[in-house]
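Chains: A, B, C and D, in written order; residue numbering restarts at 1 for each.
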Amino acid sequence: MTAIPDKQTNSTDFAVTALRDRIFRGAIAPGTRLLEVPLAKDLGISRTPLRQALLELEREGLVERKTTTGFVVRSLTFSDVCDAIDLRGLLEGAAARRAAERGVPDAMIAQMNETLNRIDTALTGAPGKFDLTGYADGNRDFHHLIVDAAQSRVLRDEIARAETLPFSSPSAFLLSQRDDLPFQRSLLTSQAQHRAVVDAITRREGARAENLMREHARIALTNLEYIMGLERSARQQVPGLALVVD
Amino acid sequence: MTAIPDKQTNSTDFAVTALRDRIFRGAIAPGTRLLEVPLAKDLGISRTPLRQALLELEREGLVERKTTTGFVVRSLTFSDVCDAIDLRGLLEGAAARRAAERGVPDAMIAQMNETLNRIDTALTGAPGKFDLTGYADGNRDFHHLIVDAAQSRVLRDEIARAETLPFSSPSAFLLSQRDDLPFQRSLLTSQAQHRAVVDAITRREGARAENLMREHARIALTNLEYIMGLERSARQQVPGLALVVD
Amino acid sequence: MTAIPDKQTNSTDFAVTALRDRIFRGAIAPGTRLLEVPLAKDLGISRTPLRQALLELEREGLVERKTTTGFVVRSLTFSDVCDAIDLRGLLEGAAARRAAERGVPDAMIAQMNETLNRIDTALTGAPGKFDLTGYADGNRDFHHLIVDAAQSRVLRDEIARAETLPFSSPSAFLLSQRDDLPFQRSLLTSQAQHRAVVDAITRREGARAENLMREHARIALTNLEYIMGLERSARQQVPGLALVVD
Amino acid sequence: MTAIPDKQTNSTDFAVTALRDRIFRGAIAPGTRLLEVPLAKDLGISRTPLRQALLELEREGLVERKTTTGFVVRSLTFSDVCDAIDLRGLLEGAAARRAAERGVPDAMIAQMNETLNRIDTALTGAPGKFDLTGYADGNRDFHHLIVDAAQSRVLRDEIARAETLPFSSPSAFLLSQRDDLPFQRSLLTSQAQHRAVVDAITRREGARAENLMREHARIALTNLEYIMGLERSARQQVPGLALVVD
């Protein structure tokens, strides 16, 4: 096979970004059948890069391939989203257990603690005055370090896949809730869990590390339940919520 | 998008089967770059169904897409295979826990017990005289019932995906070891674990159901270690082992 | 056997209280051999109630019977105390799992939630202004409710026994740290764990309930490590710390 | 306190053995009040060693002290016995997890494997021809090694206590079922669990070691359920079953 030429790659990337955006905004509704010919025309690209883009979105869980009708926009139930969050907890829990059981080099433990210190700095002061961007950065780094520490290509790939589902990423709700006080308080609980996970890995307590990481993922569930209880107008500002049908 | 015409679907299916077979037999070595033009010509099909086939094999974990060079045959280490088996145990364990926690209708419990009775029948007599096809059928049904009982679309999809990886299916080693006595004895242990899982689900003991199911998956690991210790000629008869590089 | 007459019971109770107090204050040092004759004389009671009292203190883990020399005051290492805290977490975790697995009547779930609401009230306002007596009351009731919900005489007895060891009770450090700010903040984490345990029991998620309860017990460990790092004079105010030898 | 003189110790030991035997045989029924004066006379000893003996039997869980009426023979329900078996699994599971997490010296791992090899030897040949005394010896040594490997005085004491309850010892049903074929087959499952526990400890997989050990204890539960289904005459030959009221 010859490598895909640059122009086609660019068209594919463009289509992925454009379609992901439309789906997240609800501009294309859940369940909509994606007709290839008009869609390619609409995006101003040819069918081959469009199909590549649809396959990428399928991998992200945003569209599904039906044998008879081609691709349709995925339609998620509330319970699908809960299950996807649980799945991430399951996989990250396995990564944390594995890291604890096999041991982690001192340098990586030091990196974990340094990351936790950065998060502490972001949470200085009273709830309401936290540095949320700093928190989100540290949080993302922490979750990556746990995956690195597991040293398993299989787990890394699965966790990467699980995070592409809407809402199941560790950062899913972070930036959509800037000004909410209960949410900001919940970051203190999250950070206490981060600390406990690193403590468990350092002591090589795998069962504890796994269970803490699972429980940690459930904070996203609490956030989701909170958001689902909001007014429709507020819910529309949460990216990807358009995929969830009642 | 118009539905894929039948002829193309048939060509795709043909290519998937042919390539999977070549890869499993080792006729195409791990790491080989799959050049699209000569490969399509060799299979006597056009490039569009070939690309569909490659995407399907990518989903099965047999080939990988590299951004610069296109598709290559996957090269698995022994430790990748171990991780894939652990992953299946993790996911099936979550399914069993969920079934236990949420409760399973009596009719489904009855189906589980009926399946276990069929496996018992297949294991009548002394090791060496077992009905291995009967065992494999019952075993496959048992694993499907656990997934059904979890009632989670997300878990079902993930388990289906995890099982496509070579060796990670619950039936992975069943038919390649017909005449081996220690292997036949290990089926008694497997069946004891099946019984304990159903007992735990019936009593709604989720932690126990999860842990039993995880441990159950590790029997595949023991079988794998056993096979890796065999002579090269014996190993070549195990489908998919060709993907594993030392 | 005739019932023990009241007078003797009173002498026994008196001796238990007096000796427990001396041991907790460090007035009788760890490892001290308790000579029956002078001790009975000192307490102004006869030897039979004294021996009953010593057997009671043995049951509480404060004295040990040596076959050759009679009773001696127990001498605990730091690691013994850690293990005793872990033991309580293990047993309370089993109680919470059991409650979740077997199900808890709605009326008892309501009692749990009412108790959690009382604790919330005690934690109104900023750390430093909490109602610690209210917290301690609610905390004690919460732990009792978890034990009740398990409906196991065996677990109830074991948990009661485990709590008599110094520092291993859920209330162990509550009243000795009134004015400490980090300690008061840790009560918010504890209460978040209480809420999560009741959520898990309500959803019949036994594995989760068990793991949360285990993690909850570890807060006592954190408190213990904190106290062991204090000045000797501050440590002397913590009841029972006199038993811990370096 | 002066050491207890030899004569009294001997009388105490004599009384413990005699009373334990009567209780296990059912010669003294569950719930019977033990009157001290006639009992001492009947055994031909004085009241002081008798009371020591009763305190020892209380510690073993065979008699209970009631505040108003003195000692009575304990009366266990079937569910108490199940809970006691679960308790042993919980504690031994914690010991195995701890050993795995903290690591075990190579020499002790070697001892474990040597013990497992001895058990394998006892299980040579077909079920029905096993060396049950050899199995019981190896089994006892294996359980002691797990406790040793945990290096926790607290866990050791708790496990020793938990094993004194009738039926909850790892050897509880071993010698009462010599000729029973299904029972002999269950020994193969037990030994597979022993092997898996040592494998988990060696790999430092604490969660797995804990869960295997818990499941291992449940074999006693299966045996108990089997025995409770036997004819009354067969049940009377099982020591301690007399304590269990329907």
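The rule is short, and it goes like this: a contact is a pair of C-beta atoms (placed from the backbone, for glycine too) under 8 Å apart; a residue touches a chain by one contact, two chains touch by 3 or more.
It should be emphasised that the depicted structure is a prediction, and the values quoted were computed from it without experimental measurement.
Engineer: Walk from chain A over to chain D along touching chains and report the minimum step count.
Structural biologist: So the least number of steps between the two chains is 1.
Engineer: Could you check if the interface between copies chain B and chain D is built from the same residues on both sides, meaning over half shared, or from different ones?
Structural biologist: Counting shared over all numbers used gives more than one half: same.
Engineer: Between chain B and chain C, tell me the centre distance in angstrom, where each centre is the average of that chain's C-alpha atoms.
Structural biologist: 50
Engineer: In whole angstrom, what separates the CA-based centres of chain B and chain D?
Structural biologist: About 42 Å separates the centre of chain B from that of chain D.
Engineer: In whole angstrom, how far does the Cα centroid of chain C sit from the Cα centroid of chain D?
Structural biologist: 27
Engineer: Check each residue of chain C and list the ones that touch at least two other chains.
Structural biologist: 207
Engineer: Give every residue of chain D touching chain A within the complex, in rising order.
Structural biologist: Checking each residue of chain D against chain A gives 97, 101-103, 203-207, 210.
Engineer: If we count contacts the way the header does, which residues on chain C are in touch with chain D in the complex?
Structural biologist: Going by the criterion above, the answer is residues 1-4, 9, 33-37, 39, 54-55, 68-71, 79-80, 83-84, 86-87, 90-91, 94, 152-155, 158.
Engineer: Can you list the residues on chain D that touch chain B in the complex?
Structural biologist: 188-189, 192, 196, 207-208, 211-212, 214-215, 218
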